[in-house]
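Each of the next two complexes has chain A plus one other chain: chain B in the first, chain C in the second.
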Partner chain A sequence: MNAFLWVSSWLEGFGLEQVESIWILAPLGLIFIFLFIIVPSSMIVAYLDRKVTADFQARVGPNRAGPAGVFQSWADFFKLLQKDRNSEVSWSEELWLAIHTMALYSTVAVLPLGSLMLLVDTDMSVFLPFWAALVVALGTMLLGLSQKTVAGWYGGIRVATQAISGAFPALVAMICVGLRAGSFRWSGLVAIQGAAPLSWTAFSNPFQFIALIVFLVSGLVLLAIPPMDAALSSPDVSGGVAAHLSGRRLVLFKMGRFYSFYLWAVIASVLFLGGWKLPFEISENLLEQGKIQLLHFLELCCLMTKSLILILLVIWGARVNPRTRVDQITDFAWTVLSPFALFALIGASLVAGWGVLS
Partner chain B sequence: MSSREILKTELAKLALGPFDSALPGPLRLQMELDGEVIVSAKVETGFIHRGLEKAFERQRWIASISYADRLDPDGPIFGELALCLAVEEIAQLTVPPRAEQVRVLLSELGRISCHMEYLVRVARAVGSDTMIHYVLRDREKILDLFELTTGARYSINFLRFGGIQADITEGFIERILELSELFRIRVKEYNDLFTYNHAFIQRTQGVGTLSSKRVRELGVTGPNARAAGFSADIRKIHPYSGYDKIDFEVPVADLRGLRSGDANDRFLLRLREIAVSTEILRQVAENISDGAFCSRKQGQEIKVPAGEAYVRVESARGLLGCHVAADGGPMPARIQFRTPSHAHLAAIPELLSGTRLEDLPVVLSSLGLGVAEADR
Partner chain C sequence: MRRSVFSSVVSYAKDVIWGMRSIFKSCLTAIPYLSGKHDLTKEVTEQYPDPISSKTPDDLPPRSRGMLNNDIERCSGCRDCEAYCPVTCIRVEAEPATDETQIWVSIFDIDFSKCMFCGICTEVCAPGSLRHTRIYGGASPRLSDMVASFGRGPVTETQRAKWAERRKQIEDEKVRLI
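The block that comes next holds the complex of A and B.
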C-alpha cells in the first residue's frame, strides 16, 4: 500500500530513517493529518468565523488573547479542558460520545488532501465520509437519548430526522459527480477537472451546478450546520445534545461538529470545485524536479483556500438568516432539495450518456 | 401544524422554568406534548413577586416614585408617569408645559427602548444573532440619552409630582433630533435585513395567532391588541401630558390580512410604533417650550389630600392603569396597578396549544411579556 509513502518522505525530512512498515506509517499519517492539518485549519476557521461574524454584527470580536485575538480559540479550548461537570455522567452517554467521535474521526483516513496525500483511495471513497456522517447522526441521537433530559431527547431526535432528510439529496448529488467522472475514487474525480474554474465539475454543465448547490445545502441539513442547526441550538432545547455536556466532553463534541463542517467543505471542493488542481502545470514540473513536499504544500494550500471560502460563505448565510425550524428543514430537504437532486441526476446521466454515444 | 401530521404518540409531560432560556422571564410552564406539538399548557407565575404594591404603603409619597419605576425594569418611565398623573389628579397639581413635554419625550424614548428590547427577544427566539447586535447597538444611544438627562440608564427616578426632578441637560434636545433622524434610517435597515427575510417570515407567520375576539375577552391591550386589528390607544382615547397636541397616527394591523394577529404581525407593529415614536420625538423636540420644569419646590414634602384617582397611560406593552387612594396621611393608603402583561399571560395557554415546541420561544417573545410587571 503505497498510500502512506508520503509519510516516510516527511519522516526522512525530519532526519529519521526510512520506515517501510505500514503499521507504523498509517497511524503516523493519521496523527500527522489530524495535528498538522485539521487542528490548525479548525483554529484558523474558528478565528475567521468569530472575526467575520463580529464584523457583520457591528462589534469587534476577539481582541485580547494574542495579537488581534488570534489565540482566542486556544484559550477557549484550554479553559474548557480544565472544567468538568459535577454530576455523574452515565456509562451509556460516555459510550455514545466515544462511538460518535470514533465514527467522525475515522473519516480522517479517507480525507482527500492532495494528489499524493490520499490515504485510502478506493472505488467507494466518496461514500465513506457520507456513511460516517450518518453514523455520527445516529450516535448523536443515541447520545441525546441516553442523557435522559428534555434537551437531549428532543435535540437527539431532531439531529436524526435532519440527517435522514439531508442524506438522500446529498447522496444523489454525489452520484451526479461520479457519473461524470466514471469513478468514485478521489483521484478519478479530480483527474477529470482542471485548475481553471470552467473546467471544474460544477461548471461543466448546468446539471452539475444544480448538483453542487444541492450538495452544499443538503450538507448543512445532514450535519446540522448553521443556519440549519435547529437540532442543536434552538432556544427551546437550549443547545440540544450539547446542553448536557461540559468540560472535555464538550470540547470533544464541539470539535467534532467543527470537523464535520470542515470535512464537508473539503469534499465539496474536491467533488465540484477542482480540488487540489494547480494551474500552469506546476504539479508536473514539481514532480519532475522531485520537490514532493513543496507539491504537497501547494496542493494543500489550494484545496484549503477553496474550502475556507466555502466555509466563509456558509457562515455569511448563517449570520444573515434566522435559524430554520426542524420541520421546515426536513420539508425543504424532501420537497425541494430531493426533486432538484433527482433532476440533476437525470440531466447528468443524459449528458454522460450523450458523451459515450457520440 | 399541517393536516398531514396525523401520527399520534403517547402524551409526554414537560415542565419548563421558572428559569429557562426559552422563557421571557421567571415563569413555569406545565405542558403536555404530543411528539413535538404542544397539546396543553398551564402557566404558573409569581416567581418574582416583590410585594411592590404593599411596599408603597410603607413609604412617604415622595419615595413612592422610585418604587413605581421598578414596576417594569424595561420601561421604568411608564410606572412613574402613571403614579404621578394619579397623585397630581388627587392633589390638583398643575404641570408646567415644559415638564409635560419632557415627560412625553422620556415616554417615547422609553417606548422605543422597550420595543427594541422586544426585537432582541424575538431575534433571540428565531436565532438571528446579527439582529440582536444591531438593535442593541442602537438601543445604547437611547440609554445614553436617559443617562445624560436623568443620570441613570435604567430606573431613572426622574419624574416628580407636579413636574420633573430637574431641567433637561444642555444638548438633550439636539441629540433627540439627531436620534430621530438616525432611527428613521435604522427602521428601514431593520426592515431590509430582517422583516422581509423569507426565513424570518417562515418562522413567525401563522404562529401564535391571537384573534380579535379573544383579545376582547382577555383584555389584551397595547401593540398586541393593535396587531389583532384593535385601534385602541390611550394616547388617542384619553390623551394625557399633551399627547392631544401632537400629530401622530397609531399603527394598526391590516384586518384584511388572512392571518392577522400572529407573531409576525406583532413584530411588524412594534417596528411601526418605533417609527411613530420617532416622529413624536421630533415634533416635541422641535416645539419644546421654555419655563419652569416643576410647579412645586424640590425636596418639599407633598401633602396629598384624602381622595382617589385612577389614571391610564399607554405603556410600551399596553394599557397601564394606576389606582391611588390617599387618606390625607404622609403615606399612600393604597396604590394599585393594572398591568398589561397580566392579560398577555392569560393568553399564553391557548396560544401555545397546537404549536410546535420549537415555536414556544417565538410565541412567548412575540407577546412582549414583562413578567416583573405582571408579578409586581
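The block that comes next holds the complex of A and C.
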C-alpha cells in the first residue's frame, strides 16, 4: 500500500517521525484531506456563492463579518453550533442522518486529488463516488421518511426520485470517458489527457463534449443541486428533509450537501477537464528534484481552480434561471439527458473503434 | 394529432436547442450585474408579452400557460382538476343527466386570484377540455371579477323532471341509452 506514503512526507514536515503503520496513515490521510482541503474550499465557495448571487440580484451580500464579509461562513457555522434543537428528534432520524453522512464522507478515501495523492486507485475507482451518491440519496430519503413531517416525506421521496433518474445518464457519460481512456483508474483517465485545453477529454471530440455537459447536468439532478433542487427548496416543500433539522444537525446536513457538489465538480474536472495535469513538464522536473510537497501543492491548486470555476459556472446558471419543478426534472433526465448520453456513447465508441482500427 | 417520427425528432431537437439558447441568454443577461455597471431601469425580461416590446399573444411560446378555459361540451365532470389543484382554486359540481349531455356540470368555477398557473389541472384532464389559453392580462380591481364560471348553471325543475322521466323509461327498457 504505497498509496498512503504521501501522508508520511507531510508528517515529516510537521516534525513527526517516520510512520510506517497503515492503520495510522490511512485515518491521518483522510483527516488531513477533510480538514485542509474540503472544509476550506467549502467555506470559500459558500462565500463566493453568496457574493455572486447578491451581485446578480443587485444586492450587497454579506458585508459585516470581516472585510467584505469574508468570515460570514465561519460566523454562520459557529452560530448554528450554538443553537438548541427546536423539536424532538427520533432515534431513527439520528441514525439515518449519521449513516448517510458516513456513507458520504467515505468517498473522501476515493477522492482523486493529484498524481501522488490517490488513496484508492483501482480498476473501478470512478464508480465508487457514483455509488456513494446513490447511497446518499437513499439515506436522505430514509431520513425524510423517519421525520414524521409532510415536508420530510415529500422531500425524501423527491430526492430519491431525482437520484434514480439522474443516475442513468451520469453512468453512461462516465462510460464514454472510460472508452477513450481504456481504463477506469483515476491515474489512467488523467494519463491520456494533457495540460492544454485541446488535449483534454472534453475537447477531444464532439461526443465527449456532449458527455461532459450530460455528466454535469445529470450530477445536478442526481445530487439535487440548484437549479435542480426542487426536492430541497424552501418555497416548494418548505426545505424538504432539511426543514426538521436545526443547529448541529443542519450543519452536518448542509455541509454534506455542499461536499457532494464539490465531489462532483472534482470528478468532472478529473474525467473531462485534464485533472491535475501541469504544463511545461513541471511535474517531471519537480519529481527529479525531489520536491514532492511542492508538486502536491501545485497539482492540488490546478485541480481546485478547475473545480472552483466549474462550481461558479453552475452557480451562475442556477441563479439566473428559475428552479425546475420536480416532475419536470425527472422528465428532463429521462427524455433529454438519457438520449443524449446514449448518443454520446455511440459516438465515443465509434471514435474509439476507429482509433483502434486505423 | 399524430405526427410523423421525423417531425417529432425535429421538434424535439428544436426544443433542446431553444432551451440551451434560453439558458445561455439568461446567463449573458447577468454579466453587467457582476461588474456593477447594470442599469436597473433597462428591460431584461424575456418573452413577457407587453406593449413596450410590442409583443402579442401570438408571439408566446407554444406551451405558455395563460388564463384557463374549460370547454364545457367536452368536460366529463370527473373532478380530477379539483382534486389535484394545489391551491384549491377550482370548484366543480356535476350530476348525471339522461339527455345527450350525459353529465350536467352545473358549476365549474376557477378562482384566478388563487390560481398559480402550475398547469397540473390541464395535465390530469382526461377528456382534454381544460386548457391554457394565450390570454395573459387578467388583472382586475375587484376580487369577485377574478372568478371565471364555465358551468352550465343550476339544474331547473323542468330539466330534472325530464331526466327522471327518461331514466324511468331507460329502466323499463323502452328506449336505448344514448
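Here is the rule we go by: the second predicted complex is superposed on the first by the 355 of 358 C-alpha atoms of A that agree within 3 Å, B and C clash if a C-alpha of one lies under 4 Å from a C-alpha of the other, contacts with A are read in each partner's own complex, and residues count from 1 in each chain.
Note that contacts are C-beta pairs under 8 Å (C-beta built on N, C-alpha and C of every residue); 3 or more make two chains touch, one makes a residue touch a chain.
Every value quoted in this text rests on a predicted model; they were computed, and no experiment measured them.
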{"item": "Side-by-side fit of chain B and chain C on chain A, or clash", "value": "clash"}
{"item": "Partner chain(s) touched by A:Gly61 [first = chain B, second = chain C, both, neither]", "value": "neither"}
{"item": "Which partner reaches more residues of chain A (counting touched residues only), chain B or chain C", "value": "B"}
{"item": "First (chain B), second (chain C), both or neither touched by A:Tyr154", "value": "first"}
{"item": "Partner chain(s) touched by A:Gly188 [first = chain B, second = chain C, both, neither]", "value": "neither"}
{"item": "Which superposed partner A:Val52 touches (first chain B, second chain C, both, neither)", "value": "second"}
{"item": "Partner chain in contact with A:Asn321 - chain B first, chain C second, else both or neither", "value": "both"}
{"item": "Which superposed partner A:Val336 touches (first chain B, second chain C, both, neither)", "value": "second"}
{"item": "Touched partner set for A:Gly247, first chain B, second chain C, both or neither", "value": "neither"}
{"item": "Identified clashing stretch of chain C versus chain B [4-12, 76-84, 94-102 or 166-174]", "value": "76-84"}
{"item": "Shared chain A surface residues [contacts with chain B and with chain C]", "value": "56-58, 319-321, 325"}
{"item": "Touch list for chain A against partner chain B, complex", "value": "53, 56-59, 150, 154, 227, 230, 233-238, 319-328"}
{"item": "Residue ranges of chain A touching chain C (in the complex, touch as defined)", "value": "52, 55-58, 316-317, 319-321, 325, 336"}
{"item": "Residue ranges of chain C in contact with chain A within the complex", "value": "16, 23, 26-27, 29-30, 33-34, 36, 38, 40, 118"}
{"item": "Contacting residues of chain B [partner chain A, same complex]", "value": "14, 20-22, 36, 123-134, 137, 193-194, 197, 199-200, 202-203, 356-361"}
